[in-house]
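Paired with chain B in one complex and with chain C in the other, chain A is shared by the two complexes that follow.
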Partner chain A sequence: MISNACKFDLVSADLAFDSLRSSQKNLSWYIRPLGEYLRNDNDLILQEIDFDNSWASIWLWNFLLSENERLRSARNKGEKIIGCMKDLGTIPVMAYSLENVRAFYPDGTWWTPCVMKLSDGLFFVSTTQGCDISFCPVRAMLGAFINEEHFPIPDLLICSTGAVCDDFSAISQRLYWLGYDIKWWEVPRRRCAEFHEESVELPSGLIVPRIQVDFIKSELKRVFKILRNFSRSADSDIRLLSDGIRKANQIRRMIMHLRNLIFSSRRCPLPALEELIMEMMATHFCSDREECLLILKALTEEVERRISLGQSVLSEDCPKVYLVNPVSDIRMMNLIEDCGLRVCGTDFMFTHALELIPEDIDPFDALARMVLSDPMVGPAEDRCKHIIREALKYRVDAVVIVRIPGASHCAWECKSMSEKLKAILRIPVLDVEVPTLVDSIESTLKSRLEAISEIVHASKSI
Partner chain B sequence: MITVGIDAGSRMIKGVVFDWDTKKVISKSSVLQGVDQTKLARKLYDQILDIAGIKADDVAGVVATGYGRTRVDFANNIVTEITCHARGVLFYKPGTRSIIEIGGQDSKFIRLTREGDIYDFAMNDRCAAGTGRFLETAAERLELTINSFGEKALESKNPAIISSMCVVFAETEIISLLTSGVPVCDIAAGIENSVASRMVSLTGGKIDKPIVFTGGVALIKGMHNAISNAIKDNVELMDDPLYTGAVGAAIIAVKMWKK
Partner chain C sequence: MKQLLCTCPFVPVEWIFAHGFICKRSVPFFKNLGSVESMGCCPLAQAFLDEIISTRLPAIFSSTCDQMRRAADVAKAKGLNVFIINVPTTISEESVKYFRSELLRLSLWLESLGGKRPTNKELRACIEKFNDARSLVLDSQPYVSGSFFMNSVMNLAAETETGIIKKKNCVFGSDQATRVPLAILGGHTSQAHFGLINEIEKAGGRIVLNALSFGNRVLIPKIIIGENEDIVYGIAKHYMENIRDVFMRPNDRFYSWLTKEIKTKKVKGAILATHVWCDLWRGEIQTMKEILKIPLLDITFGTESFPLNQTINRCQSFLEMMQ
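Our next item is the complex of A and B:
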């Protein structure tokens, strides 16, 4: 059944499930009505959000909510489970190169309380381990390792350290001292090349010293050697990794294409919440590449169909906003749209995982360059430049910077980014903290978001 | 043309009946916010119409604002308090470039262009620091009403330093100061200065003039001085600061009706 683009609630989504499914061929085994996740897993928040009404989006949600189940299934088939931590986009590329290996991000558990609301107690468990509310919500991962009720405990843990998030470093070190064997690899803080230094251009366009790329390259080679011990693959490192990069780029290309379609379309063809989850497929949902490609294809077809028919999930006059940082409560994505705004540009802190990895150079060198493009390993100034480029490209009317409570990078960079963006873009910039559960401050969040909408409308009516 | 503005704030609901032809507020009243916000707002609406001597049919439009704006079920439109306060201030003080508004639950700093359009705003985060609630809690701890708190603050010649922004920690600090024998008037003045300095941090240090101070907290004696001293500049005080948002809402109702 093909219907007009709109959003619907959980009850409507489940009522429409059979008719949506009827036109589909070769359904993936894990697909079920979303209400089952509420009934079986207590994903309470599902009953409070609005979903996109396409089959592709229902599939996407199933993919999001079933990752732990799919990982268990892979393990039962004899695959080795690799827990990648913090690097967001690097180690999975290596895993794509190897047989019998499946990588995922335990970090993704930070979303579990946001999706499951208060039903699972992950924060409580992490608090008992010394990681309290003063830490970023990624501390939920610690609770999941301890209670073993979410993802399967990985056969191997690989974690980047050095110029990464302070909170994550503290949490992963706590995990290490609890007895989990973590293989560390180091990322230096990105800096500009000095005049006398040999320099290298990153996929993001930044110029860095060759010495930094070479250092990461050696770290990646060391990690790849560890990974190969878990795999049956017999080819050379270079050939294997080149293949992994090609596979990763396939996903990245599709995400970037879809993202561009959504943000540059005159009407809004996909809600912000599904767009966010779609982008996260580049990192958090890397464990199932083939499935990921199929979902991206289905989403692209749906978005193209809607664009060609002029369909929109929002009213046409919604001011366009650029969203900085992922939200701690997924309901915030609905709230932004409920307040009359359309998300047309995003920097969810893993922009490096969306950029194509060079395929025409040494694959370790290419991957090292991608690592150094990570917004978190460099100055906020670089991040600002990227946001400005995209904000201008998508002609946004305002910027919304979301602060994640407890996340140290938000404390030190959001204010300065806000000032910089205001000065350069000369559009309203809202800098607001979004707690893990927005209930307590929903009314004040609404006031701020609606005010942005009013300011933009007023400026356009002059 | 008669319009009505209802400002359903966190502590009080304020309402005005506004006559666009004479450009005057013809009646106004307020009521303490409570559990049944819709019922309270409706009662206030009836009351201000009664004072003005007009019937509901004579009202061209009602705009509700404030954190409880969605509970005002008889409003034709809802608009945020940021826009309404800006409209209210500009109506009485055209040319204003910066607005400081401190209410019961939040504080705002609004920047305006020369043409009178909002181009930026900042609000306090979710804690009570720098809001009327902070002052109320402090007044309770000093066994004063909010009105006598302001009067007491005016007696101070040596305001205490209150370093805590958090209302809970500030209470502890107040107890400590009382134990040390610091006069109540000095503590009250110190609390007002603390709220004012919190407000300055919200401005980010860049404030275009003229600056206007409004909102319910502007009624508390000493706060205007505290804000002016903290900003180190002349800050104008709205004549009837409690009703600025409601007046702004009524003016927006006129504009919406004309559209």
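Our next item is the complex of A and C:
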């Protein structure tokens, strides 16, 4: 059944499930009505959000919500589970180059307290470990390692360190003392190449010193050696990695194409929440590279169909906003749209996972360059430049900077980014903290978002 | 000698000194934290930034914590004359080489400020000078107050000039046996730490082990570099191998050192005094409780420059418990 694009709630989604499914062939085993995640996994937030009404989006949600179950199933089939931590986008490319290995980010548990509306008790567990409310919501990961009720405990943990946020670094160290054997690898703070230094241009256009690329390259080689012990792949490092990079790029290309379609079309073909989930798949393919590709194809077809039919999930005159940082409560994505705004540009802290990895150079060198492209390992000024480029490209009317409570980087960079973006783009910039559950500040958030909408409308009517 | 600001004890002070600069250690008062005014910002990083703005001195930031790294970005964006040095968090042959390259980069920056790249002979003389200074300061610890000791660690270069023994303040010499031997733990040193140490001493305690950023844990062993060795590499390696801080990954070296010192110095209790938003140290509380196996008092400072009354009360109770 093909219907007009719109958003619907969980009850409507489940009612429509059978008719949406009827036209699909070869359904994956994990696909089910979304209400089952509410009933079986206590994903309470699902009752309070609006979903995109396409089959592709229902599939996307299933893919996301079934991740822990899929990882357990892979382990039962004899695959090794690799927990990648913090780097958001590079180690999984290496891991998925190998057979018999499945990589994911335990970091993703930071959304669990939101999805389960705190019924998971993860924050409580992490507090007993000394990681209290002054830490960012990623402390939920610590709780999940301890109570073992969420993701399967990985066979190997690989964590980036150096230029990373203190919250994560401290939590990973606590895990080490709890007995987890973590393999750390170092990422230095990115800096510009100085005049006397040999330099390298990153895919993002930044010029960095060769010495930094070489240092990370040596770290990645060390990590790959460890990974290879977990796989039976017999091919050479270069051949395996080159193939892995090519496949990762296939996904990155599709995500970038979709992003571009969604953000540049006249009408909004996909809601912001589904767009966020779609982008997140770039980091580790949501634990299944092949399935990820199929979902992206389905989403692309749906988005292209909607664009060709002129369908939209929002009204046409919504002011466009650029969203900086991932939201701690996913309902914020709905809220932005409920307040009459349309998300047309995003920096969810992993923009480097969306960029194409160079395929014409040594694969370790290429991956080292991607590591250095991470917006979080360099100065906020570089991040700002990227945001400005995209904001101009998608002609946004405002920027919404979302602060993550307790995150060391947000406290420093959000204010400076806000000032810079205001000065250069000359558009309204809203800098707001979004807690794990927005309930208590929903009306305040709403007023502030509506104010942005009103300001933009007013300025356009002058 | 010219002055520059630097709070990180893991940027080799002999390397800076050899270029003609004295490291002014910043232990600021929290007067007007106006540089960022943001919830979640480390008050020390803010105060350091404010000090750079007010003194206009060139400053060195290190990448050992995200808060300082971000503060450095803000300083750079404000056009201040700052240098950000990467101190690796892992130890390997590659990371030592990388740290060496950072020291060479620092050298160029110091030269741009009017410094002079030292000859090997000058550098070796500087290394000797600071080796001696560290020994002097360490030897003086049993005879001086906790604040005096901390000041000496901060001003190693000055101690080499005047000789710390001459300045000995022997107030603690006579009643040491009756005082409760304590350790103080934490990251960057602030004025509140000085106040806290004074209050602990007033209440009958004695800091025999200072594991703050300007205490025993940064008094690294003697640097010994062979005749034909690369001196800069030698400094980098020695520092990296002797960083006893929680930011290292993994940080077992810190705990090995700490447990050994606690045993040697017969420490009865430890006070962890950190600043709000210092995740790296605050994240260690549970581990410390498990590893140290001595009573641990956990104190969090906000933006106060002197310990609050309730903090002093808690310290007094902690001491009473052990007296």
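Keep this in mind: the second predicted complex is superposed on the first by the 459 of 462 C-alpha atoms of A that agree within 3 Å, B and C clash if a C-alpha of one lies under 4 Å from a C-alpha of the other, contacts with A are read in each partner's own complex, and residues count from 1 in each chain.
Following the convention adopted for this analysis, contacts are C-beta pairs under 8 Å (C-beta built on N, C-alpha and C of every residue); 3 or more make two chains touch, one makes a residue touch a chain.
These numbers were taken from a predicted model, which means no experiment stands behind them.
Superposition model on chain A: chain B and chain C are shown accommodated side by side without a clash. Of the two partner chains placed by the overlay, only chain B lies in contact with A:K422; chain C stays clear of it. In the overlay built on the shared chain, the residue A:P319 is in contact with neither chain B nor chain C. Vertex at the C-alpha centre of chain A, arms toward the centres of chain B and chain C: the angle is 80 degrees, rounded to a multiple of 10. With both structures placed on the common chain, the touch criterion links A:P33 to neither chain B nor chain C.
By the touch criterion defined above, A:I455 lies against chain B but remains apart from chain C after alignment on the C-alpha atoms of chain A. By the touch criterion defined above, A:G108 reaches neither chain B nor chain C.
Applying the stated contact rule after C-alpha superposition, one finds that A:S443 touches chain B and leaves chain C untouched.
Of the two partner chains placed by the overlay, neither chain B nor chain C lies in contact with A:G345. Aligning both complexes on chain A leaves chain B and chain C separated at their closest CA atoms by 7 Å.
Overlap of the chain B and chain C contact sets on chain A: residues 433. Considering their complex, residues 128-132, 134-135, 159, 161-167, 169-174, 176-177, 182, 184-186, 188-189, 191, 194, 196, 211, 215, 218-219, 379-381, 403, 406-416, 420, 433 of chain A touch chain C.
Residues 419, 422, 428-429, 433, 435, 440-441, 443-444, 447-448, 450-451, 454-455, 458-459, 462 of chain A are the ones touching chain B in the complex. Chain contact summary for the complex, chain C toward chain A: residues 36-42, 63, 65-67, 69-71, 73-74, 76-77, 84, 86, 88-90, 94-95, 98, 101, 105, 108, 246-247, 249-251, 276-280, 282-287, 290-291. Of all residues in chain B, only 67-68, 79-83, 105-106, 115, 117-121, 123, 125-126, 204 touch chain A in the complex they form.
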